[in-house]
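Structure incoming, see below.
Order of writing sets the labels: A, B and C. Residues in every chain begin at 1.
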């Protein structure tokens, strides 16, 4: 079995704090990590490898330092790693990103493509299904578990709001995985000791056989008009009131925060 | 001179930090409260190769170096000194002497299963009457055909009862004093070998610290480690390496206590501001941070020298001496900064203080370390 | 692509088990605002096999309902739905398409946008029309730490997904006029490669309070099990994302399980909203929750230390406030 796993290097957004005076993001000292949903996807691939034997290729589109997460993936047990990096690919929205990744994946041999459901910086959950569309493959999103029948059919457990569904698909297909699907293994010590002796293939735009107007800024139908932080955390307000008034204040706050 | 960790060492540090945070930290208080050996944690560590970090690949190890090993003990001990010492005794005091002194047959028989974590290792030198004066061994080993018969007791043995392989020192020629001591590889099921009483300790309460009893214990001749009557040298050399492990443990304890104290002093408000804003707090923590960083550099230096196969005895003694005393000072101050809360088991610092004390005592007391350093300096 | 050819605001109406989902009605409300600003129409796209009450969509703001009826659309699967909506979009050329950001919408939206080769903006919290008659889509990024306003200037339709509960549905107006029309779709069934083998409804799961987005936390001020029940009622009213937690005092008093304890010897939590009910704010408790996005504290004692970390502090008897709050929310 051959599996391609897409992984993304993201800032650890749970550690990002807001400067209380200016209200801007403090990105300094926030470490870069492998996106959690992607790690869950990689672990699903490794579990399939444990059970059925498989060759796992991890691919990441990003800056040169995405090498870090590719090494992490190799030390966890992936077999091959590809870093897709090129200035021309920068400034891409999800459509352009997925086009570039699909163009790369098209050149590989695979039965299954795995991506994470969404990245914790963009939070769009769009790239996985878009890759599936570009590759003209069936997709299953929100996967909590992937099983294989040993021949050519996959059974995927898909999380829904009410519970879950079991879906059956014949390879090849694309699956997007949740971080909660499994508990990803740690890198093995041996894996770490060997990992910098392995090669991470570096692919640029020229390797992709795709026109320049499909990638980067040119290939992005959406643009960011403006971005802003939510504002400095205002000092707490206090109200000494009766129960009715209290409820009124709380309800309007809950609405303001989109809780209700 | 490059003070940075190599890429591999940095990646390793990232992994062991995550492991400690997720697997070790949640159990630390319970392990201490119940005096329970962290068996499940050791099994998880075995799975990813942590039980054989500096062991060459041909003996089933990970092929890592002593810096990585020291980082592992440090990061584990940050949250749980018990877990740290389990790894340290196993790696430095059992696997290391086997690798350094064993025959090929002995290495092939014992090292792979120790490195994989299938077996846990231990080291037995200390006796009721032989602590700092280790040469005063009373455990005897008498030749008998194809075997040696061992009689005697060892005390304060780490990992006792859970270990499958023990490096045991016994007197083969009483007349020669410390030149009549021999090292043996003893397996837990060898007839005449039993585990005696378990110590109730002040700290590292989850560590299995027991008496070992040898009553006409039959040890085959092929389990003699190194050369006959050359055991004392093996013990001393082994303890040099062990000191790097314990120093790493002490460093981890100190760092853990510092992290807790920084967090608490920022949160705790008295007299209208957080206590971190008082210069008394700031100056003391500055001094302690400097000592912790100095400990770290000494530990890394000793580990580096060992990796280079250069003499490191004095450096090992220095790092153990300094890191242990720093850990004791840091943890005592940590409790003080936490005030009344620090004295309760709700906060981890009282445990860290109880844990730190042993680092000034075992694997050579601070007094012994001073002897070693002075001997090297003034020879 | 001639932008000017694209008109009107289309809403994907999600149905599950033949029931139209609330998010669709919320989107119709927003679509109405957008269409009114553009002086254009709202068209609801409904896929299914046996949906009753389609006229309801008109009462909630649609001018036209396009209904695609086929057995294969009874339960959501990516390809049949994508083909149907794609054909509607290619034929009708909408300017804007809104989809609910549910597991269905987040599966369908991106697939569609890639097929059409247009822009999609996910989880929008604000939608408005600019002076240039473009859709301005505002959404959170970086785990919610940053807001971005997105435009899709040169491609149509401008597509956006919106989470349930973000927009408000309009009041139902049964006098609104509109049409319900069937839309015929030609399916390429050779592409239907995914099969649903089983659908399972969730049972009660073990709660992990560190996963909850909203925590209603009780302290000594809550006092007894009866009052504690009020916190549970409030959590139920708020819905799936809300859970009840407690300070150590309440756990020690046996009012609630240890796995719901917040604090130094319990769990550390960072929910979007933490409501501290009758909690004084001892340092061991603060250590476990002070990183919450927004903290509301309700306590009779105006000097309680919890008010030093709360964003909104209410000095009042918590046992009077909580039941009233639950009541008010239930009525909404």
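Quick note on the criterion: contacts are C-beta pairs under 8 Å (C-beta built on N, C-alpha and C of every residue); 3 or more make two chains touch, one makes a residue touch a chain.
In this text the structure is predicted, and so the values were computed from the model without any measurement.
Chemist: Let me check something: if the centre of a chain is the mean of its CA atoms, which chain is farthest from chain B?
Modeler: Between chain B and the rest, the longest centre separation is with C.
Chemist: Counting C-beta pairs in contact, which chain pair has more, B-C or A-C?
Modeler: Ranking B-C and A-C by C-beta contacts puts A-C first.
Chemist: Based on Cα centres, what is the most central chain?
Modeler: A
Chemist: How far is the middle of chain A from the middle of chain B, if each middle is the mean of its Cα atoms, in Å?
Modeler: Chain A and chain B have C-alpha centres separated by 41 Å.
Chemist: Cα centroid separation between chain B and chain C, in whole Å?
Modeler: Distance between chain centres: 54 Å.
Chemist: Could you grab the centroid distance between chain A and chain C? Build each centroid from C-alpha atoms only and quote it in angstrom.
Modeler: 22
Chemist: What positions in chain B touch 2 or more of the other chains?
Modeler: none
Chemist: Would you pick out the residues of chain C that each touch at least 2 other chains?
Modeler: Where chain C meets two or more other chains at a single residue, that happens at 308.
Chemist: Would you please write down the residue numbers of chain A that are in contact with two or more other chains?
Modeler: Not one residue of chain A touches more than one other chain, so the list is empty.
Chemist: Would you pull the chain A residues touching chain C in the complex into a rising list?
Modeler: Against chain C, the touching part of chain A is residues 11, 13-14, 16, 18, 25, 93-95, 98, 120-130, 132-134, 138-142, 155, 158-170, 173, 220-230, 233-234, 236-244, 246-247, 249-251, 253-254, 257-260.
Chemist: Write out the stretch or stretches of chain B touching chain C in their complex.
Modeler: 263, 267-269, 341, 346-347
Chemist: State the interface residues of chain B toward chain A in the complex, per the touch definition above.
Modeler: It is residues 7-8, 11-12, 14-15, 18-19, 48-50, 52-53, 57, 62-64, 68 of chain B that touch chain A.
Chemist: Please output the residues of chain A touching chain B within their complex, sorted ascending.
Modeler: The touching residues are 71-72, 75, 185-190, 192-196.
Chemist: Which residues, counting only chain C, touch chain B once they are in their complex?
Modeler: 264-265, 283-284, 286-287, 290, 308
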